[in-house]
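In this document, chain identifiers A, B and C correspond to the written order of the chains, with residue numbering beginning at 1 in each.
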Amino acid sequence: MTMPFQPNDFQFIDPSQRVDNEQVRTSLTYWQDTWRRLKKNKMALSGLIGVFLIVLFAVFGPLFTPYGYEEQQTDFANTPLHVEVFEIADDLYVYLTPQYRLLVVEEDGTFLYRLDQTSLDFANKQFHFDYHGEDIMVDYTYKLYEDLADEGIDYSINFRGVEYKTPYDVTSNKTFVLGSDNVGRDILTRTMYGARISLTVAVIAAILVLLIGVTYGAVAGMAGGRVDELMMRFVDIIDSIPLLLYVILIMVLVENTGLNTIILTLGLVYWVGMARLVRGQVLSLKEQEYVLAARMLGVPQPLIIWRHLIPNAMGPILVAMTMMIPTAVFTESFLSFIGLGISAPQASLGTLANDALDAILTYPFQLFIPSITIAFMMLAFNFFGDGLRSALDPRLRKG
Amino acid sequence: MIDMSDNNLILDVKELRTTFYTHMGNVQAVRGITFQLEQGDVLGIVGESGSGKSVTAMSIMGLVDEPGRVSGGSIHFLGTDLTKLSDSDMNEYRGKEISMIFQDPMTSLNPVFTIGNQLIEVIRRHTDLDKDQAYQRAIELLRMVGIPEPETRIKHYPHQFSGGMRQRAMIAMAISCNPKILIADEPTTALDVTIQAQILDLMVRLKNQLKSSIILITHDLGVVSEVCNKVIVMYGGMVMEKASVFDIFDDPQHPYTLGLLKSIPKDVAGERRRLVPIDGTPPDLLKPPTGCPFSPRCPYAMGVCLREAAPLYQLSETHQASCWLHHKGAPAVEGFVQAEEVERHE
Amino acid sequence: MQKFKETLLTSLKAVRAFFENYYVRRVLSALLTIILIATVTFLMMHAIPGGPFSRERALPEEIIEALNRKYHLDDPLWKQYLDYMVGLFTFNLGPSFKRTGFDVEELIAMGFPATAKIGLMAITLIVVIGIPIGIISALRQNRPADYFVMFIATLGVTIPSFVVASVFIYVFAGLLNWVDAFGLNRPSSYIGPTLALVGYSLAFVSRLTRSSMLEVLRQDYIRTARANGLSRFKVIYKHALKNALIPVVTYIGPMIAAILTGSFVVEKVFTIPGIGKYFVQSVSDRDYTMIIGTTVFYAVLYVVMVLLVDVAYSLIDPRIRLGKKSE
C-alpha cells in the first residue's frame, strides 16, 4: 500500500498552499431565490403558462371573434362542432342541424341561410323543405327502424329524385368554431366573455379579500392580547359554518344580483381565511428582532406593519391570493349553477354551464365547453399556487 | 482472521465505510474506520459535525437509510458481521443486544402513546414476559433510572415529563432488555448542564450494574474526560487518533487532537487560558480531499499529507494515531514521537 | 354554618372543574355558535325592507296582509325572534312559503334519507379508500405509483364536482347507457353521485394522508422505534399512523362541509330527491322560510359534526385533552 515517497514529502508546506475549501454560495434575495425555484418546478411553470393563456383568452379573445356575446342567430341554433355537409347538386350544399333544420351552406360548411320547413310527415317519417320552389326531403326512417339500422346512418337527404346517404364532407363548424347555443349565440364568444367575467369576479374578489383580510389580520396580530383574542373569536364564529352558506344566504336576500353584488359578497365572506393567515404571520414575525429594533427607534405601529411585517409575510399572502382565485371561480360558478349568479344576458362560465345542463344528453358540448374552461382555469391557478407555495419555502433550499 | 481469544471483545469494527449515493454525488460519510470495544468500556467518539461520528453509530445499528448504506468493511458483534444481516435479522439485535439513545428526548418519544405503552412494547418485543410481568418490569426500569413515583408516571404521556425525565425514560427503554452495548448519540447536548451530569452518572452506573459497554458520541471533550475510558477522535470520516482517555488528554499525538484540546477554555488542570481556534472549515464529503482530511487545516502539514492519508501508527499498547509525523522520515516535532505502523489485517 | 360553607366551597369547586373539562367547553361553545348563527340568519332575513312578499309581482293589498298575518310577519320583532328560536329548538321551522301545505321540517325530513345515503357512502369511500391510498403513496414515495396517484389526486382536487357529474352522466348514462341518468332507483344510480361528491375530498384526503405520513416518518420517534428493534409493520401502522392521522381527522370537519355543499350540485345534476335539491329549488323559488330553515339545519348539522370530530381528535392526541403540562 505504501506508494513510493517523493523527495518533498516530508517537508512542511507553505501555509499559503493550503486549500481552503470553504464553500461560499452566491447570495440571492428572497425573491430571486423564489423565482429560481419556481422555474425549476414543472407543475408551477405549466400553471403559470395556463394562467397566461387564460388571461389572453379572456381579455383579448373577444377581439378576434366576429360576434358579440348577445348576438342571436336563431336560425342557426344548437349547431355542434362538426357538421356533415351534403352535396345535393352542383354548387348546392346543405346541412341538417340536430334540431332537424335544414341549412344551405357553402362547400366548406359555412352557414348561409335556413330553408323553410314545408311539412312534417309522421307517417312516412319525412321532413320536407322548400328550396326556391323545389322540394328537399329528409328521410329519417333509418334512425327509427331496426332493420335499417345496418345502414349506419340516421337519415338521408333526397333532392331531385336522388337519395344521398353519405355526406360529402364532415368538417368543422366554420360559422361557430365551438358551436352555437339554443338561441344561436356563438359559444366560443360566450365562453370568452364568460371567462372574462369569471376572471374579473375572481380577481377583484381576491383583491377585496386581500384588503379586508390583511388589515384585520395585521391589526389583530399586532395588537395582541385581549384585542387579538376578541377579534379572533369573531373570526372563529364566522368560520364555524361553511362559508358557502353565507354566500348563498346573502345572494338570496339581496335583490340586485349583479356583478358587483357577487364580488362584494365573496369579498365580505372569504376575508376570514386571509385574516387568520395574516394574523398568524404577524404574530410570529413580530417577535423577530428587527421589529423590536424598529419599535425601539420609535417607529409608529402602522408603519411597522406596513414596512416590515407585510413585506415579510408577502409570500404566504401571495399564495393565499393565488389560491383564492380558483375558489372564487368555483364559488361564482356554483352560484350561477344554482341560479343565484349573474343575470342574463351577461353570462359567466357557471351560467353557461347551468343553462346547458338540461340539454346534456342532446347537446353535450354546450355543457362541456364552459365546464372544461372552468376546470382549466382552476387547474392552472392551483398548479401555480401549489408551485408558488413550494418555491417560497426556504427550507427546501438546496446547494 | 478475527481474534476471538480475547473474550472481552464485544464489538470489532474494521475499515467501516458508509456512503450516501445522492443525485448530487456520493457523500462518503465514513471512510474506513477501525476500532474495538471491550466489555465494560465507555468509548467516546469525538469529532465536529460532519466528522462521521453519528453515521458510524447508525451504521452499527443498521439504521442508515436510503440513499445511504454501508459500502465497505465489517462490524463484528460477538462474532456476527452485522453488515451482512438483513433488516429483519437486525431487528433481533436492535433494542435487545445493542441499544441506542438519541440527542433530543423531546422529539424522540412518540407523543401519542404513554411512556408505559412504549416501554412495555419494547420489553415484550424482545422477551417472553406477559403483560403483567412486562408492566412490573417497566415500573422497575423507571425506578432504576431515577424517575420518582414510577407507578403513576408510567401512565403519563411524554409531554408531561421534563427534558431530563424524558431522557431517563429513553435510557430505561434502551436498557430494558439488558443490551451488551448502549450507544448514546449526544445524549446530554439538549439538556441543562446540571442535568447533564446526572444523566451521565446514571448511564455509567447502569453500565456497571448490567455489565454492558457504552459508546458515547459527543463533541464535548469535557463529557469525555468525565466518563470515558477510551477515546476515538474522528475527522472527515476517518479516525485521527485512538487512545485511552489519559493518553488523549496527557499526550495527544495528532495535530487535530492537539487543536481540539487547545480550543477548550480550560485546560486539563482546570486553568483558564486563551482560546486557540482551529483555522478553516470541515471538508466537503462530496469531494473528499485526497490525502489526510485534516491536512488543509493542519499546521504541520507536509507534502505527503496532501497526497495520501497516513496509516495508523502504534504509539503504545493503547495508543494509535494516523499522522505522517510519526513516520521515521518525518521531521521531529516537539510532542510527537516516531513509531511503527500498525499491521493491517486484510 | 361551617358545614354549609364547606359544602358550598366543594360544590363551587366541582362546578369550576366541570367547566374546565375540555368536552363540556366544546359542547357549550357549539351551542353558543348555533344560537348565534340562528340569530344572525334571522336578522339577515328581517333586514330586507318591506318583507319578502313585497318583491313578488304585484299582489293585492289584502293578500299581502293575509300572508303577513299567516306567517306572523306583523308581530313585533322580538316576538318573531322568540317564536323563531323556540321553533328551532323544537325543530318546528314553520311552513314553506312556496309549497303550501308543507312545513319546512317535513320537507327536510323527506329529503334527508336520500342525502344521508349518498353522504354516508361518500364519507365511507373517502376514508376507506383515501387514507390507504395516501399511506401506500407515502411508502412508495417517488416511485411511479406515487406520481400517478398524486397526479390523479391533483386533478380530483381541481376539477369541480359539476364537471365530474356532467361528464359522468354524459358518458355513462348517455353514451354507454350503463346507468340511469337520474334518480336513486337502482343500486347503480349511486355510483355517479357518489363519485362526483367524493372527487374533491377523496383527492384531498389522499394527498393529506400522504404528506402527513411522510412528515411523520421523518420524525425522531420513528427512529427510536426502529432503534428498539420493532418490526416494520409496528413502526408504520402503530407509531407512524396514529400521528399521521391527526391532521386528517382535523380535516374531516371541512370535508363534511365540502360534501354538504357538494350535495347541492350533485343532487341537482343527478336529479336526486334530497335536501340539497329542495334547497336549490327553494333558492330559485325564493322560498324564504325554506331557505332559512334549511340553512340553519345545515349549519347545525355541521357544528355537531365538527364537535364530534373534535372529540375524536382529542381521543387520538392526548396533548389536547390533558393540556400541555411540564414539570
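By definition in this document, contacts are C-beta pairs under 8 Å (C-beta built on N, C-alpha and C of every residue); 3 or more make two chains touch, one makes a residue touch a chain.
Model, not experiment: these values are computed from the prediction.
The touch graph of the protein chains shown is complete. The interface with the greater number of C-beta contacts, when A-B is set against B-C, is B-C. Averaged Cα coordinates give subunit A a centre that lies 27 Å from the centre of subunit C. Rounded to a whole number, the gap between the C-alpha centres of subunit A and subunit B is 58 angstrom.
Between the CA-based centres of subunit B and subunit C the separation comes to 53 Å, rounded to the whole angstrom.
Among all residues of subunit B, none touch two or more other chains.
Interface residues of subunit C facing subunit A in the complex, by the touch rule stated above, are 33, 36-37, 41, 44-45, 47-48, 55, 154-155, 157-160, 162-163, 166-167, 169-170, 173-174, 181, 257-258, 260-261, 264-265, 268-269, 280, 283-284, 286, 288, 291, 295, 298-299, 302-303, 306. Across the complex, subunit B is touched by residues 219-221, 223-232, 234, 239, 242-243, 246, 316-319, 322, 324-327 of subunit C. Across the interface of their complex, subunit C is touched by residues 43, 237, 240-242, 244-245, 248-250, 252-253, 255, 326, 330, 333-334, 337-340, 353, 357, 360-361, 364, 367-368, 371-372, 374-375, 378-379, 382-383, 386 of subunit A. Subunit B meets subunit A in the complex at residues 24, 280-281, 283-284, 289, 295-297, 300-308, 311, 324, 327, 329-331, 344. Subunit A makes touch with subunit B in their complex at residues 1, 3, 5-6, 8-13, 18-23, 399.
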